[in-house]
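Two complexes follow with chain A in common, the first pairing it with chain B and the second with chain C.
Now for the complex of A and B:
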């Protein structure tokens, strides 16, 4: 019953997202297509974080790093005249996975607060590295010369086509993560989360499983980075700023840790809230900050906990 | 590369090191004893810098302004502890990180509302702005030298308080068993609040000292905060000794790297390549050092005892 209710909720969300562009066109509010595309891109990043946080218990405060690596991969290739989207995005994913492998190899040896601080510090390192790359705009960043191209099949300059591409990728990522979590591999990382010593006693070392999950998560987030730079058409080192990592983490917590739809809901809530608040006042962060504190203190289960079947599994 | 330059950079490294130590000491005490991760520690540094600058302008005295900033930051710290952080002690680190992240957004915006987004700049008073001549053509700014000496003095005082006084004993006892200390009749809640305020005052001191030499602007706390994390991870979380060693190491590596990495690289590879790679490598040097130390000793150089 519960999993059926969950499936229905997911399908309803999908249907709503499919209907956004025609509805926005009807109401002449094309801005919302843009906003929701951004929401979905961050949704992908949040889903990738939830894979290691919600199921693997690894609190990465550095997911903005992969967003940045993915974005830099696309922009740097475009800068040198390579606009083939498949190649660009493959490099974005592969590069992010390599970076995640390096960061994960060091940080997974530790746990708890060390893990949080180390992932944060490495992301900051990449941020400074981005700033010092004067060829690619340094501090100011640079314009993406041209959006990724797919042999004329999909035109990313067309807002609606880009929107549906992001939606498709989001759905695929959600499905992939769900399959992963329910697989034998997913059971291994969930077991490591609940009790590492017991996992070892059963006869498998959690380290390679956790590292693999970390690398997969980084790859997915790198893809989100490739999408994000196509969305903004402008690359800045700010993609890797540590507050960005905090935002992605918040999306997961807000939506519900270890849930299927939660991270996407969280991304939606946080970004729409930011949009609404910044429409009211220039000093919107003074409202958002305490709201986030309250959310942590009182909304432990996240938004997905409010949905029917939301806590399945 | 002459001797004067090397000496000057070593002193610069020490100066950065003691400032990092003042920040790291408060953060590591609060973590080691209350088991609380406080990202907003950088905000207290920022508050200290703004208050010191403002008090300096009101009173016209740099020393008085800085001295006033200490109790003021302490009070801000106590308010933050009582209002927001007290409920977080029992929660997991993830909740603490996120809640204090929310506090950072709040403080940065509050500062921007009160003082504006443009940085504040203050000049040092006449008597502090000179350089001390050591002879042999070597001189060093008096103010930076004072920072180094003050930092060492605070480190010594801190060691004395924690290791040799009754208050320090209570703090150490509270760290190893909170329930037991409370059962023996100590108001542990008050102790925690005071300890947090004390850590805030140390951050405020660092901020007040930083005000005349760095830019005072919203968000200034986060930049140093992440360096302080590196310090704590290198030194070992919860250990004051580790914080001191880590701070001096990070201060020295960062400063010397920025000063000498480029010329050193230029002797190995072509000057144009060194021009590009030098600054990039210098800015990530402390993180590479952190990775290396973690690979060799995951607990840090001086892990706290009893954890």
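Now for the complex of A and C:
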């Protein structure tokens, strides 16, 4: 029944998210559409990280790299006059997967702190590469010339349409990751996380499965990057800053490691708190920090663990 | 005569100055149960590790079913039919007993790059897994989290996982270690049912188990095999007795002999 309860919670979350734009319009608070869209974009990034962290035991401290690659792919193509969203996003996903393949090929041979450091180091390299690209604004970044276009079918300049597109993608990503982790592939990476020696002894070579998971995760996060730059309409190397990687990691831990949809709750909590607190005081980080520490201490399986059905694997 | 199923020649493995395997020659015939005994720290687990591919020997070769497998790592050897149980129980603790065995079936069923279908709903994985669980006597415990099984059950589960890969060679490192006498008796009975059908290399301190299961016994002391022979020959071997002198095993031995 656990999985049934979980399904209901997920559907309730989905229904709430569907209702955000009409509710915001009713209350004349359109800014919430913006905020929740940002939450969902980071939710996608966090879900992608949970795939490798929660199920593969790979603590990537460099997931911002793929946000960056996705965002740069869209902006660079737009800069050269290519505005076709399908092409842009395909390049964003494909590019991120390639970068993930390179980073994963090296980092997955290591584990623990080395894995963390290598993913961080690669991301820093990309960050400095972004800063040094003067054509695309270097340190300051640049405005996205035009948002991605989809043959006039969906208009990303319309906040509500863009919102529902992001929501659809988020739902699809959550569904995809849920299926993935229960498939043979998912069982193989979860087994390797649980006991690598046992996996090797029954004939699993963990490496190719972990690498594939890492690449899939990077691709999903790259898509989040493409969405993010359309959301901000402005590209900066800051997308790839290490604090960004830390935030995504935190969203996963706060929301619940290995809970698939939990990280969306983490993204919601972190970004909404940030927004509310920064409205009260400029020293909001001093309040946010301890709150988050408390949340992690008292909700061992994250926020998702507090919900009915949230403990389900 | 056909070549033995497994042939190890001149295996050497040192940890620093310690020679854990010292020029070991060893073979196993198809269908044979070949036990390896020896005092604590003799190098039994190190030897098994080199056979399974978890450890790489410093020198020597290992042939399996006519193929040189010395350079193959553990997963590749597993796919050729090696299956191992560890001295310290090694299972997927966060998964149910059935999941554990189903994973072993899956590992043997070709690559796992299948991304959509739920593995827990695949009868081709679950049915054989259930059968093996029944076989080892864990049928009623299929849905229990492996971490929550009793110690003896966990050891049974590990053997079930090894069997579920459909092995040509079972490497068992002290399968009854830490078991109560009832449990260990059941395990020995179970292993005796495999005898003849399954090629087994058995490391065990329990002399009752060894003498009732083994077709041949090799005695490993300080990394060297000092004797190989039938249980009767090993019992009568003076070197072996001397090597064990003063050891607890001497007692256990005398005990086993009296039966």
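Quick note on the criterion: the second predicted complex is superposed on the first by the 306 of 313 C-alpha atoms of A that agree within 3 Å, B and C clash if a C-alpha of one lies under 4 Å from a C-alpha of the other, contacts with A are read in each partner's own complex, and residues count from 1 in each chain.
We adopt the following convention: contacts are C-beta pairs under 8 Å (C-beta built on N, C-alpha and C of every residue); 3 or more make two chains touch, one makes a residue touch a chain.
Just so it is clear, the model here is predicted, and its values are computed rather than measured.
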{"item": "Chain A residues touched - chain C or chain B, whichever exceeds", "value": "B"}
{"item": "Partner chain(s) touched by A:288 [first = chain B, second = chain C, both, neither]", "value": "first"}
{"item": "Which superposed partner A:297 touches (first chain B, second chain C, both, neither)", "value": "first"}
{"item": "Touched partner set for A:118, first chain B, second chain C, both or neither", "value": "first"}
{"item": "Touched partner set for A:272, first chain B, second chain C, both or neither", "value": "neither"}
{"item": "Partner chain in contact with A:194 - chain B first, chain C second, else both or neither", "value": "second"}
{"item": "Chain B/chain C common contact set on chain A", "value": "none"}
{"item": "In the complex, chain C residues that touch chain A", "value": "52, 54, 73-76, 78-79, 83-84, 86, 90-95, 99, 103-104, 106-108, 112-120, 122, 125, 161-162, 164-165"}
{"item": "Touch list for chain A against partner chain B, complex", "value": "59, 61, 106-107, 109-110, 112-114, 116-118, 120-122, 124-125, 128-129, 131-135, 242-243, 246, 249-250, 253, 283-286, 288-293, 295-297"}
{"item": "Chain A-facing residues of chain B, complex", "value": "31, 37, 84, 87-88, 91, 93-95, 97-99, 101-110, 112-113, 222, 226, 229-230, 232-233, 237, 276, 279-280, 283-284, 287-288, 290-291, 294-295, 298"}
{"item": "Of chain A, residues touching chain C in the complex", "value": "179-180, 182-188, 190-191, 194-195, 197-205, 209, 212, 313"}
